[in-house]
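In what follows, chain A forms one complex with chain B and a second complex with chain C.
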Partner chain A sequence: MSIEKRMLVRELKLIAARPGDIFKPMWFTLLVISMVPLALAPDSQLLAEIGSAMIWVATLLALLLNTEHLFQSDFSDGVLEQWLFLDRPLAWLVGVKLIAHWLFNVLPLILITPVAGLMLSVSTEVLLALFITLLVATPALTCFSGLGAALTLGSSRSGILGVLVMMPLFVPVVILAAGVLIRATDGSDTLPLLALLGAFSVIAATLVPVAVSAAIRLNIGGSN
Partner chain B sequence: MGWRWFHQWGSPRWFYERARRWQLVCGWLALILLTLGSLWGLGFAPVDYQQGNSYRIIYLHVPVAFLAQALYAAMAVCAIVLFVWKMKLADVAMQSIAVAGFAFTALSLISGAVWGKPTWGTYWVWDARLTSMLILAFLYLGAIGLRAAFQDPDQAGKACGILILVGVVNLPIIKYSVEWWNTLHQPASLKLTEKPTMPASMWIPLLINILGYYIAAAYLVLGSMRATVLERERRAIWVRELVNGA
Partner chain C sequence: MIFAPVKIEISALSCERDDRLLFNNLSVALESGQILRVAGPNGAGKTTLLRTVAGLFGIQDGVIQVNQLPLQECLDQIIYIGHKPQVTKDLTVLDNLKFLTDADEACLQKALDNVGLKGYHDSLVKELSQGQGRRCALARLWCVEAPIWILDEPYTALDVGMAKTLDARINEHVAVGGICLFTTHQPPQQLDYQILELGDVD
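Coming up: the complex of A and B.
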């Protein structure tokens, strides 16, 4: 079995050992969504108007919460150090780890958006656009928050610093996604913006693993 | 001669002593330019026919906003120097520029808010340039905060370097996406490629002030770098001799 396959199987086994971890971020998203009508007003027209944006923000927050400690357990039990000895570039292994994380931890978050959409009475067309936007945008978000997690690995007092440091870089993704949602609401063509969003994700997925591997190296090697 | 001019920068002591002189020159130059530019701009430049006297904050706002962006680029250059030549002084510069850059960004946001009240009727609008400036402030804060999270300065420097390089690649994307999203701000006051739309009696003092603020920023960064060099080299003999006044 190739190393990549074994890494994926290992991630699956880790999740099977603690299945509760998958549900916490979904649980968090639904709780945030339930707070919106309580804080605003149970007016379904108003909710439908801001609903898709609220779901976007809630999913973004859940993703950040989810990815904050992406490399922490692998770092403390020495798995990351073993990666350095494999006959693969570190950036490649980081890529595999990020893909596994996206598949097993981020995708479930996207899958519950229809439920969240029903709760905020978002229309079917907008909900579909929201779903596709999240599918296209989350790879970039996962990469960047993974970088935040890797940068703060070696520091014991970083807290949520990794999230704070990376959030400004989410701006283009959030703006483009909002553009898609606005266009979906008034029924115009969303494809160009989705293509831009996809391009951003592809570039992030290609370049960010290199930065992540540099961050991991500096945290493992100490001052080297 | 050869590469000597370059390798000298690897010596903290050489830098500390030279930078003292440079700092002195920068300090006086900035003082003269800023006095001239500000007095001219605030006291003698003509009144704007639309905005009245309130436009005069331009002599603070524009130079400071220029610097806020230029310092991030300078910081990115330092990050490249750090990774390519492993020069520790580049890391010292990165640390000092991050603080100065945040200060200038904050100043440009505050002076912009003060200017916005009489002109737009509100302190803050979600306009493209204001928003990208705000994001820039958060990027600076990130660089400062990340450094504070590490105990080992070398490790902190490298982590900040990675963050800054990723940031500098993203900055144009952020800028253009925000611009596409919403724009209300008046177009740039000065462009290198076009003739200014203001009369000379307005833009000459502005140019003097921009130059003055750049040199003042150099003065501040050099001073902060010298202090940082002393702190990091506190175990070196020359620093002990210097501090003990031997």
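Coming up: the complex of A and C.
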């Protein structure tokens, strides 16, 4: 079996061993969403307007939650340093790991958004736009928070720090996504903004693994 | 199987950590069939030296070459086993081994039997004792083919029987042209090694 396949298989087995890793962020999203109508005045018009944005933000936070420790346990077990001895460039392996993470940990978060949308009475067209925006934007968000996780591997309060460091990179993605949702609500053309979001994800997916591998090397060099 | 001749040349290597000079102007050459034990008191820089030769630490000053090539191009010829567990607790013994090698299943099974983990292939590593976890990490020495072995305290947590098995495996490895670099505080009886003493640098 090639190392890429082995990495995907390992990721699936780890999820089977620690199912909480994917279910906790999913519960988190649904919990946040179910609290929104209770915290607002019971006004279904208002709910429908802000609903899609709430779901977007809740999904973003859940994604940050399950990505902040992406490399942590492999790093402290000494498994991550073994990646350097495999006959593939580290950046390539990091890319495979990020893809596996997106497939198995981030995609489930996106798949539950229709349920969340129903809870907030979001219209079908907007819900569809929301779903597509998340599909297109989350690869970039996964890459950025993965970079945050790799940069802060060596420090003890890594989670919060990694998110803070990467915050500026999340902002343009969130703004573009908000643009798509507003246009979908108006019924105007969302394609140009979606294309921009897609471009963002493609650039992130090509460049970020290189940066992540540099960060990992740096942290391995500083530890015993 | 016999390895092609390998040579590691370490020349004028120096390393400073936290304002302390660990080793200065260190030069060693190692060829196929040689075993080198890096010795010295705690904190002398044994792990640092091993991690530098394994390419995990950047070289501060000096040159390390493998067969006249820069070290970073030859990492796939190295097996490094450090003192971190090097295994994932939530995976089974066999799955841990599978991830790091592309050897076929029969070979992996045999490697695990060799390190005395027969009957534990499908146990999670977290259910094993520390010594058994160590055996799982060491099993790679039986199923990965790489000429250069860098072992940091490989005998830690091993019982007498397993230590002997490991000695035999190291002897077998150098007999077919491999190289072994290791550290330990319990000098093994059955190995014929050179010693590199670290410590006392001014």
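FYI, the second predicted complex is superposed on the first by the 219 of 224 C-alpha atoms of A that agree within 3 Å, B and C clash if a C-alpha of one lies under 4 Å from a C-alpha of the other, contacts with A are read in each partner's own complex, and residues count from 1 in each chain.
Going forward, contacts are C-beta pairs under 8 Å (C-beta built on N, C-alpha and C of every residue); 3 or more make two chains touch, one makes a residue touch a chain.
Small disclaimer: the values here were computed from a predicted structure and weren't measured.
In the overlay built on the shared chain, the residue A:R6 is in contact with chain C alone; chain B does not reach it.
In the superposition on chain A, A:R18 contacts chain C only, with no contact to chain B. In the overlay built on the shared chain, the residue A:L84 is in contact with chain C alone; chain B does not reach it.
In the superposed model, A:N219 lies in contact with chain B only, and not with chain C.
Of the two partner chains, chain B is the only one that A:A211 touches; chain C does not reach it.
The interface of chain A with chain B does not overlap its interface with chain C at any residue. Chain A contributes residues 147, 151-152, 154-155, 157-158, 161, 164-169, 171-172, 175-176, 178-179, 200, 207-208, 211, 214-215, 218-219, 222-223 to its touches with chain B in the complex. The part of chain A that touches chain C in the complex is made up of residues 1-3, 6-7, 9-10, 13-14, 17-18, 73-74, 76-79, 81-82, 84-87, 220-221, 224. Against chain A, the residues of chain C that register as touching in their complex are 47-48, 51, 54-58, 75-76, 78-80, 82-91, 95, 98-100, 102, 124, 146.
On the chain B side of its complex with chain A, the touching residues are 135, 138-139, 141-142, 145-146, 149-152, 154-155, 158-159, 162-163, 165-167, 169-170, 173-174, 177-178, 180-181.
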